[in-house]
Structures are given as structure tokens and as C-alpha cells.
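Chain IDs A, B, C and D follow the sequence of writing; residue 1 opens each chain.
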Amino acid sequence: MAEEIRIVQPKEYYKRFLEKDVRPDNRELAEFRPVVLNIGCVTTAEGSALIKIGNTTVICGVKAELAKPDADQPKDGFIVPNVELPPLCSSNFRPGPPGEQAQVLSQTMADVIADSQCLLSESLCICPGKLVWVLHIDLVCLDYDGNVMDACMVALVSALRNTVLPKVTVDEETGDIQTDPTTRVPLQVTCCPVATTFIVFDNKLLLVDPTREEESMATGAVTIVTEGDNLCSIYKPGGTPLTENQIDNCIERAFTHGREVCRLIEDTLLSVDR
Amino acid sequence: MANHIGTVVLPGDVLKDIKPPDGSKKLLLGPGLVEDGDVIKVCKPGILRYRDPGVYWLDCHQKRYVACKGDQVLGIVTQKNVDMFRVDIGCSELASLSYLSFEGATKRNRPDVKVGDVIYAKVLVANKDMEPELVCIDSYGRSSGMGVIRGGGFLIHTSLNLARKLLNPQCVLMKALGNRFKFEIAVGMNGRIWLNTQNDVQTIAIANAIFAAEYMDNDQITSMCKKLSRVMSGME
Amino acid sequence: MPRDSRRLTGPEECFSPYDFCCSAEKKPGVAISDCMEVDNARTDGRISSQLRPVFLRAGVVSQARGSAYIELNQTKVICSVYGPREVLRREDFSLKGQLTCDFKFLTFSCKQRRMHQQDEHEKDMAVRILEAMESSVCLHKYPKSQINIYVMVLQNDGSALSAAILASCVALASAGIEMYDLVLASSVAICGTQMLTDPTAQEEDAILDSSEKVESAGITTMAFLPSVNQVSAVSFDGQVSLDTLKQSQQVCIENCQKIYQVVRQCLVTYAMEKRKLKGR
Amino acid sequence: MAAFTVVKKEDLEAQQKEESVQSLRCITSELGPLTQPDGSAVFTQGDTTALAAVYGPADVKISKELIDRATVEVIYKPKVGLPRPVDRKLERIIKNTLEAAIMALNHPRSLISIVIQETESLGANLACCVNAACMALLDAAVSMNFMVAAVSAAVTDKGEIILDPVSRVEDEARAVLTFVFDSVDKNIVTVITSGQFSQDEYKKCLYLTKQACDNVFSFYKDSLSKKLLKSA
């Protein structure tokens, strides 16, 4: 019977649970789903990571290529993040070019990299004006069960931390390029921004780490990106108006969650041998 | 409450001091006002108006028509179905008009209506969840002036509040124009106005007069009409 | 080619750093000798007729009707199945259900970066998978409806096609789509007299675009229905004599029978788990 | 057409205790510059200008139709070229912001579409677009729960905060925050930030922008009063 109500009147179904401060997947309102992180799983990529938040799964691969820098920024490399939401991950997505949501996610990833300055484009310079690295960071969602933003962020950071580039040298006179795949240099990732997403249910309750179902019923969402003790971004695109206190509360929780996730990433990185 | 009446109110404003007038318990809310729990909220920008007993509404300036029961509107027939016409009255979806809701119409003799005809009708059903339904007969089955408008003419679109202004008995425009010109006019609450005059020049003149009248008070209108008639007599 | 306005794009032309490796270490294409060591053990230490260990798992995508994940050492493929769902456009309405397949190598799944847009090779792969599956799915049971298979290669280390076919087969089965039989697949690389079972990417490259000419070299991939003992699809690239081809196909069938148990086991455990969840 | 211009001089400063950097640039607007849409507005903040047009409630494609509420769509047209992901993000932000404001439940199975043309983007473009869209909605008299006003603030390297920054300040700033408030109890509808900032810097910005948003609301009121009383 319960299942039928869930399908016919999802909102009612959820209300019943939330009255008792518990969610249908017997989590508390402020409880996160278990996280599984696997770093360096794709050896064909220079760096990679796969994260599972509950059912939500995102894989991230970093592929490094060489290119000539822009004339006006001869020292800057290129960082090109792209998020794919393929039809494989949910029936809501159709084949073809990325939809609005995917584009917004890609842009958000790019913004976070820029805001947090966790990877400086200058650090991708090989030979000023001649040669720089192009990092194609491709995030692919394999299972869409909500809160893809947070998942992408963790995958992105872990993959970058995992990335090692072959040593490339440019001959000053001749300008020919020499790659030495045996000696590998890791990327200089300075910090680890972490996103924490909350949704507003029924204009009042705040749920953390929403599932797909919860997202579909949400009347608003807040994503807070923290980096150590600094705020990197507060992203609340419309939805139910919130009071200052509610948002402050979110920020506090985001900070604690941020530290936990950072620790997880560090531990996992230590565990992978390279 | 006096402080609100006649002033401009904006969406989100809460009208606390609106109470049913002593005596009657009833309070009638017109367009632009919604009841939110025990307070009255404004949901459109407009001027608050009041009429006894206890009728409040907003005069708001709007171009898009939203069907409302009892409005007399002008529409254009766009489709013919088995037992009804689809009429474009300028709101979000096409209104339906049954074959039988014309004077003297029966299953046997259907009214002669073609796609593209202009129809003057009354809104019978207006519900946000349903398509609006029109009729061309009053409750006695008479077409009181309603039905297909024949004999040429010209249809112009105006803002809704201009249409309301023209229909307002205080407005002198019609009289003033009537003194000088010979013409037929039908004004729909949906901001569509049908004109039929002796020649195109007059049609254009009157149409312009109507558009110009939007932001004029009565004196200005009368003077404008005088000017217009002078010019016209020069032309004819 | 017009720039993609729906994605963030880097500079116009990029090149892989591995094109500039020291010439001594790598020629264009790999010599077959590289991937064969003495007493025909292979670089990954297998003997020529040895399969790689198969890791197979059903029900990995929570949103999909059915899904599967397969790993042949470094070859990693994920597949999910949606449907039967109603066909979107009315013109391609038919009493027989229609099966579609969408195949993609992730951009970072190969040594050279791949583009986001599906290229010819990927389309071709999709068609091959479709051919392998179609004959086994009872499409007449799904009139007016559509079943979509989506395959993604997370990492390609050879035999991607056979891995993809296995994955789609398990995904379809776990989705409860009616099938006449399971569809198993296996690849064999032929070089000269050698038959390399379940080749790695290195071996595939060596055989397909090797610098020195070999009189007979190629890769056979075969889709096989074990219980009815029939072949649903064969694809071959390269050039060999007819009986070598026959021979290679024989090897494929044998390998498929080896894999059969794994697939079977995987589906059984999946069914069990589901049962348990229902029980609760 | 209800076309006219109201120029807010720096009298805004008077309402604020802050020094001169803490005031909005001069706001001007024109209601109903376009004749075809149901509502339209040009909104100018200093040199930043945006043009917004509203159509609706109009009929909606079956694919987009929602049976219980109106579909709200926002189309953001950049000055040149096709919309890129960055524009899509802007589009999404504005859409969600307005969805909260519009009474979508009043017009089920219909479409309210807002088209915003980037005209001159010289600082606080997002804020300008949101305000323009809100005025256009008011001009079209679409029923709304509340009005929204957007104000942005920049945090310089020295940690000082500048309201409604011009593009040069934005480029040099360490962080730029844009807030959107509702007109009823001044709650936060939208927050968009770029760059790094501390929590109390965020608090400061919030405090200042919250004060400044009143000016925008009073500006709305003046403009609409002029328009409506004129037509009465």
C-alpha cells in the first residue's frame, strides 16, 4: 500500500515521514548518505575518481593535452570542465547534446575552480607563449539519484588531486617538444572546495543531501561551497525565500560537512598507491 | 481603510484594514486581490477601488485578457468542430462556442458561421482549470445584440483598461465622436474593438482617436474630438 | 567544424603529449612481437588461450529498469536498459517492439582523448551490439513500445565489443525483458598461426594497424546463444583464410561456454538479492 | 504607450548612513517600450542596462504544459552570438527567482515567458536583469506573490565593501555577491556569489544590500504610480 501512495501522492507520502523528523530512506533531516570514493580507477586518464553518494554515481576523468596558449595570456593553461548527464543515468535525460541542467552544472564547476583557485591556470604553463597544458575534465553521471552537484565537486577535486602529467620539455631553439612518460609530475592542487546542498521542502523544512525524488518536490535549493574556513560560493538560485538565520544555519553545517569530506578525500588518496 | 482607496498598491502589499462594512458580513474581492488566510493580499499592481457594499477591486493596466464570467467579448472564429466553434478571444487558450448557443439554433438549422468571422459573445464559463465557454444568447435564448458581426468593419486591439474606459458611462469619447461621425462600434472587455464607418479615412481617424484617448481625461477628449472633426471636415 | 555552444570548449587544436615520446621507445603502431614474449606467454602473463578474469554485476544503476557493469581487467563497461516505454513519434509505430542501442566511449576511456559527439566507430559498435541482441529479445511481446540500451565504456583495454554485448545481455535480463536466450560474446585475435583469446588494447592495435605486414591477421568477435546453441552475430576485422576464421569462431564459442557460468551466477545472485529486498 | 523615465538622483544616499560608495548607482527605467509584448521594461543602473519583455499567460506547448501551475520560461539573449553555458546559468538563476515571485498556481496550463536582452553589461548585470524582469512582470500585471529586487556588492582586496559595483570594480574585487530580496518580509530569494569571502564579509554585504533594496522597491512604486495614475 505504502508504495502506491508514494507513486500517487509523493508529497503526502513524504509529509507523513517528515512530521516524525525522518525521511523515507530512514535518514534524519540533517543526515548525509553514505559516501564511497574510489580514486584512480581509470588508468587511461591522467587522473580519475569515482564517487557514490547513496545511489548517485559520478565518474570524473582528467585528460591532459598540449596546446598553444592564447596570445594575450601566454602563461595560462586551459581548464575545461564538462558535466554529462547521459540517458544512461536516468530516464529524464534524452540522447543528444547536453541539456540545460548539464550546461549549468558545467558552468558551476568552472566557476568553482575559478573562485576557489584550487588549480591556477598559470601552473599549467610548460613554455610561456609556446606550449601549455589543456586539462579536459569530464564528469559523467552514471546514476542520477539527486545531489549531483555535490558528487561532481568531490569527484572533480579528487580527480585533480590524483592527476599526474608526464614531463614535457620544449627545446628553446628548435622548439620541438619532448615527452618523457617515465617521469611524472603531480598537479599543484592548492585546496579542496566542498559543496553541500540543501533543499527546501514544502516552503519550510530544510533537507540535506536530497535524493532525486526529494529534489523533484523541492520548493528551493541552496548549495554552499566551503574551502577550509572560507566561503567559496553561496548558490541559491531562487526558490522559497529563506531567512538569514536559515542560511547561516546552512553555512555552519556546510563547514562541518566540508571538513569531513576533505578528510575522506585525504584518506582515500593515501590509500591509493601510485 | 480610506488611506488605501484610490492609491496605487503593488503585489505583496497586505491590506489589513479591509473589513466587511458594518451590517453585511459579506466582502467582495475583485481582480488583483486574493484572500491569504485572514489577510487580503494584493497580487497585481493597480489602483485600489471601493464600492458599497463591501466591494473592493484593483484598476490595473494590462494587455493580456484573462477570461472572466459575464464579460462581453469580441472573438475570431479559428476552428470548426463537430458541435462547437473554437474562438480566439485573446486569452491563454481558445474559447469554445456551441452551435446551439445562438438564437434560434437547433440541431437542424445550424447558425451560419465561418472560420474568420468576428463574434460578439458573452463568457459563460471562466475557470482557470477549464477552457472558457462563450454563448451568443442571453438567459432567455435571445441574441441581445450578440452573434456574428457582419457587414465589414475593422477590428482593433487595445489595452484592457482602455476598453473598460470606453464602456464606462462617464467616458465622453463615444458621445463626442458620435456627434461628428456616423459609425458602428462594438467594444469587448478583452480589449478588442470592432469599428464600422462610412469610409476608411474615418475608420483610421476614429481608431487613432480611441488610442489617443487612453491617457486623456474627459476635457482633453472633447477638445481632441473637436480638433479631429475640424481636420476631417478639411479633408472631406 | 562549428564550435560546440552547449559545452565549455578549450583551444581549437590540441595534441596528445604521447605523440612526442622519444622515438626509440615507440613506433607508430606496435609490433606484434612486442605483445608476444618467449614461450608464447603474453605481456599480461596469460597464455594465448586464456581469458581475463570476468567481474560482472547486475543492478548497478538505481534509476534504470535493468543495468550491468562488467570488468575484464582494465576494460570497464557499464550498461543500462530503459523501457519498454512508448514510442515518442507516432510514425515509427509498429506491432513489433523496437530495440535501440546507444554506445559511447567516454572521452578519457582510451589513450587518445575522444570527442563528446558520437563518432562513426561508436555508431558502428552500437549497430553491432544491436544485431547481436535483436535476434534474442522477444520483440513481438512489446508492441508499440521501445526498449533502449545505453552502453558506456569507462575504460577500453581491448575486447570492448564483447564486453559491451555481455553487459547489455545481463542488463536486459535483469530488466526482466523476455529473451529466448542469453547472449554471450567473446573475441579472438588472430595473428599468423597464433590465436590470442580476449585480446588487450595493445594486442588489438598491434594486429589492426601494425607496421610490418602479416599475411593473416584479424579480430573475430562472436555473439553466441548458449542454450539454443546458435550464433546471433559475428564480426571480423582483418584478413585471414576462411578456415582460420572458422577455427577462430570455434575458439570463440568455447570461450563463450566458459563465460556462461559467470553470467548465470551473476543473474542468480541478483535475483536472490531482489527477492530478499521484496521480503523485507 | 506608457513610456516615460524617472531619474533617481543620489538622494538614495540620504537614506543610508554609509558613505558615498555605499549607494546604488542612479536608477532609471522605461515601462512598456515595446508594443507587441504584454509587458516590457528597460531598466538602467548606472551604465548597465537590460531590456525585458513578458508574454503571458499564453498557450503552452503540450510538452511543457504543467496541469497544476503555469510554466515559467526565461530566455536570456547575450549581446552577441549564441547563448553559452554561462548564459544558461544566468537564465536558470533568473527563472527560479521569478518562479518564486509569480503566482503560477493562478494560471494552470499556460505559459509565462520572459525574454531578457542584454543591452549594456557594465557591472551588476545579473541584478539589473532581475530588476528589469520584475518591472516587466509588473507592467504586464502578471499576478505575483511578491516583488523582487536585486542588489549586488563587491568585496575588495582590502576587505571593504562596495555596493552596486561598476565592471572595473568587479574585475578587481576579491568577491562579488548578488542578493535578491522579496518585498514582503525582505527574505533572501537568491544569493549568487563569485570569489572567496569570509562569513562576516557575507554578513556585511547582506546587511548593506538589504538596506539598498528598499530603494529599488520604492523606485518600482514611483514608476508604477506614475504609469497607473496617468491612465486613470
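Some notes on this structure:
One rule holds in what follows: a contact is a pair of C-beta atoms (placed from the backbone, for glycine too) under 8 Å apart; a residue touches a chain by one contact, two chains touch by 3 or more.
Just so it is clear, the structure is predicted and the values come from calculations on it, not from any experiment.
Most remote chain with respect to subunit D, judged by CA-atom centres, is C. When the C-beta pairs in contact are tallied for A-D and for C-D, the bigger tally goes to A-D.
A separation of 29 Å divides the Cα centre of subunit A from that of subunit C. The centroid of the Cα atoms in subunit C and the matching centroid in subunit D are 52 Å apart. Centre to centre, using the average C-alpha position, subunit B and subunit D are separated by 32 Å.
Shared interface positions of subunit A, i.e. residues touching 2 or more other chains, are given as 103, 106-107, 110. Contact with two or more other chains is made by residues 6-8 of subunit C. The multi-chain contact residues of subunit B, meaning those touching 2 or more other chains, do not exist; every residue touches at most one other chain. Touching pairs of chains, sorted by label, consist of A-C, A-D, B-D, C-D.
The residues of subunit A lying in touch with subunit D in their complex are 100, 103-104, 106-108, 110-111, 114-117, 220, 222, 227, 229-244, 247, 251. Contact residues on subunit D toward subunit B in their complex (touch as defined above): 2, 38-39, 56-60, 101, 103, 106-111, 138-147, 182-184, 220-221, 224-225, 227-232.
Those residues of subunit A that touch subunit C in the shared complex are 41-45, 48, 55, 57, 59, 61-68, 70, 78, 80-82, 84, 86-91, 95, 97-98, 103, 106-107, 110, 134, 136, 138, 140, 142-145, 165-166, 168, 176-181, 212.
Subunit C makes touch with subunit D in their complex at residues 5-8. Subunit C makes touch with subunit A in their complex at residues 4, 6-11, 13-22, 25, 60-64, 74, 76, 78-80, 82, 85, 102, 104, 106-111, 113, 116, 148, 150-152, 154-157.
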